[in-house]
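Some structures to go through are shown next.
The same subunit A turns up in both complexes below, where it pairs with subunit B and then with subunit C.
Up next is the complex of A and B:
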């Protein structure tokens, strides 16, 4: 499918050799929104969870320490920039790399929490993310082998062969696993159950946006 | 559409599909193994096997572009496995922090071994042997040297344990590993930027690799602790 059909008017392309960045309203909108969210997250403070304790009238505050706060902030900023990069990239392999980077950063954001259950689910999510790098990168490599290019602008004008369809299905599988949706949502949902909301939200936001972008890329490659 | 140049032999071209199948089978076997294993250290290692299957799929393409894709793929794999093992470690730390008065188990030391290591020779000669191995490892440099020097480190730690001395905690191991990584990268870059100085680049890379392999033992020891507690 053509860029213009999916994303509106083509504003222009930025060619870096084989990698051609293309600017459509759709991609620019996603890119800008993610950057705005990243800035909001970068300048905001964390929340404090107040938990009722059983057997007494006291409350316990689950706060985020300063060191933990700094670590999470830098990781969530990088996570936002990585997902913004995935929105604008014109190269299939770059997209998969951004996706994998977002997966690693998601683990990193929760790695400094103190709740053992959160760390447990982060560990499980990390395992799934690592296993899903096989279909993710493998799909991109199969598309490269079948068409000889990874540039989305060339791939969008090519008819899809059975091998390309197989590669696209693998990429979809990989994106689903890496972003922790579809069959693997349980461990991802458990990762959120801790204090420090604005930084945790980027975990959610990045996977949402990347799914949208993955759908666009699959349509470009297949149709 | 055939994109393969005519001077490429037919044997190479026909190897693509078998290698894809091989990689998918490796991935399948590894995921089946993960499904049947319940110990976390095994799951971690088997997950790395799935990662290698990914490298196989990328490498099967066999062009220079694929070669350029293997490196980021490998780096991503490494970063992921390091992040996961870091999670595992910090979870253990929090478990200990939450319950510091709990009597530390026998396996909480650096080298939990089920059998007795109290041999006569452990009391007399190990320091000298360890020194010899480390010196020989530094002389060898590179991957082999790293393994030899690592064996020297292990012998030193074992002997301290056997003599009842506290086994040293290697806190700076991560730092050493990072420095060695930098050395390796600088050596690698020198080979491309100033090929005239290839010898110094080679030496830098070899020394980096030596430190890297030698320092790996610490990480393995730290992760092993987790699973031995379960038995």
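Up next is the complex of A and C:
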């Protein structure tokens, strides 16, 4: 399957040896949105989360401390850049690397929060992400062994052998677990209960966009 | 450029009127007079002239920026959809950003209602499964993601709703999930006031309502175009009205599901329809 059929008219390519970055409206849209969000995250303050206090009529204000703010902001910016890289890369191994990096950063963004339920959720998500890194990289390795290349432009022009299909299924499983989307989202939802909206957005955004990109990559490789 | 501007205005006006019709139908089913059909449009315009207030607890400039991103993204949706008839994947991306805004418009204000809506938005990401599955099935049937080519395919082979009806059903479930007062609209449950919109006033609310109107028009247009093939403007209008009537009737007679039930129902429908469609394509 060619890029233009999936992502719209091809604007151009940027070759790096056999790895070719291809620029379609679809890839550029995802890339641009992620960069815009990353810039907004870099310049935004965090909100003060107002919560009801049990047993009284008072409210509790939950804020993000300065040290925690700095840690979470830098991790969020790196996560945004890594996700943007995953949107535009033309190499299957680079995509899996970006995916693994995003999974680690997602945990890192909430790891400095001092709420037990949030840390529990991050721990559970971390376990799933760690387990799913095996099929993620294993799938890419199987495709490399079966075809001799990880370049998406070359893979898109090759017929899919049974081993390539097996590798693609493993990558899908790995991406689902690493990004923590359905059916693994239950482990991740509690992570969003803490304050720090600009940092939480990148956790959700990176997961969704990487899933969309994974769909494009799998269709390129399989069809 | 003029075509883009005209299409955005048509999408806004059309979407507003359709949402107004949807609300009117819900009211009539419930034996209430209901507001005039034009009320949603008047509300949207009214907010642009209201005073804009910002909560002291809000995350600035994120709180403001995310609303404008939503409006820009749905304008891109109009360009990728009705104007250029480009890739379905771009519209999938547009819809994903819509989910992000649902998620973070709520949490950025600091309001507990917005925060609950935000957490539910994470759960309601399950609504993307029907969209994703429907797009993949359309691709499996037609061999293309390009909307213009899908229309051409249907011109030769007949409407896709006849050959992959379960995929069409899945897409319709997504539209139902995004309709106001839907049984799946857990992010805007009445227990959350207006969910992620609770703390957005004035111009910001105006842009939110503008985006929702455009989103409704684009989603319905996409459904009719992808599954009913090349249709004239008259049939498009008829189709849009029929969708508003059906979703209005369902929403008026169905209670809102709890978050867990909503997610499980969507995933179950998605799985059944996906497997069913695959079997139909193979057989």
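The definition used in the following text is that the second predicted complex is superposed on the first by the 223 of 223 C-alpha atoms of A that agree within 3 Å, B and C clash if a C-alpha of one lies under 4 Å from a C-alpha of the other, contacts with A are read in each partner's own complex, and residues count from 1 in each chain.
What we mean here is this: contacts are C-beta pairs under 8 Å (C-beta built on N, C-alpha and C of every residue); 3 or more make two chains touch, one makes a residue touch a chain.
Just so it is clear, the model here is predicted, and its values are computed rather than measured.
In the overlay built on the shared chain, the residue A:13 is in contact with neither subunit B nor subunit C. In the superposition on chain A, A:148 makes contact with subunit B only, not with subunit C.
Of the two partner chains placed around the shared chain by superposition, subunit C is the only one that A:198 touches, whereas subunit B remains out of contact. Contacts of A:189 after superposition on the shared chain: subunit C is touched, whereas subunit B is not.
In the overlay built on the shared chain, the residue A:60 is in contact with neither subunit B nor subunit C.
More residues of subunit A are in touch with C than with the other of subunit B and subunit C. Those residues of subunit A that touch subunit B in the shared complex are 93, 97, 100-101, 103-104, 107-108, 111-112, 114-116, 119-120, 122-123, 126-127, 129-131, 133-134, 136-138, 140-142, 144-145, 147-148, 150.
By the touch rule above, subunit B contacts subunit A in their complex via residues 1, 3, 16, 20, 23-24, 27, 31, 34, 40, 43-44, 47-48, 50-51, 53-54, 57-58, 60-61, 63, 65-66, 69, 72-73, 76-77, 79-81, 83-84, 86-88, 90-91, 94-95, 97-98. Across the complex, subunit A is touched by residues 56-63, 65-66, 69, 73, 76, 80, 86-87, 89-90, 92-94, 96-97, 99-100, 103-104, 107-112, 115, 118-119, 122-123, 125-126, 128-129, 132, 135-136, 139, 143-146, 149, 267 of subunit C.
The touching residues of subunit A, when paired with subunit C in their complex, are 5-9, 24-26, 29-30, 33, 36-37, 40-41, 43-52, 61, 181-183, 185, 188-190, 192-193, 195, 197-198, 200-201, 204-205, 208-209, 211-212, 215-216, 219, 223.
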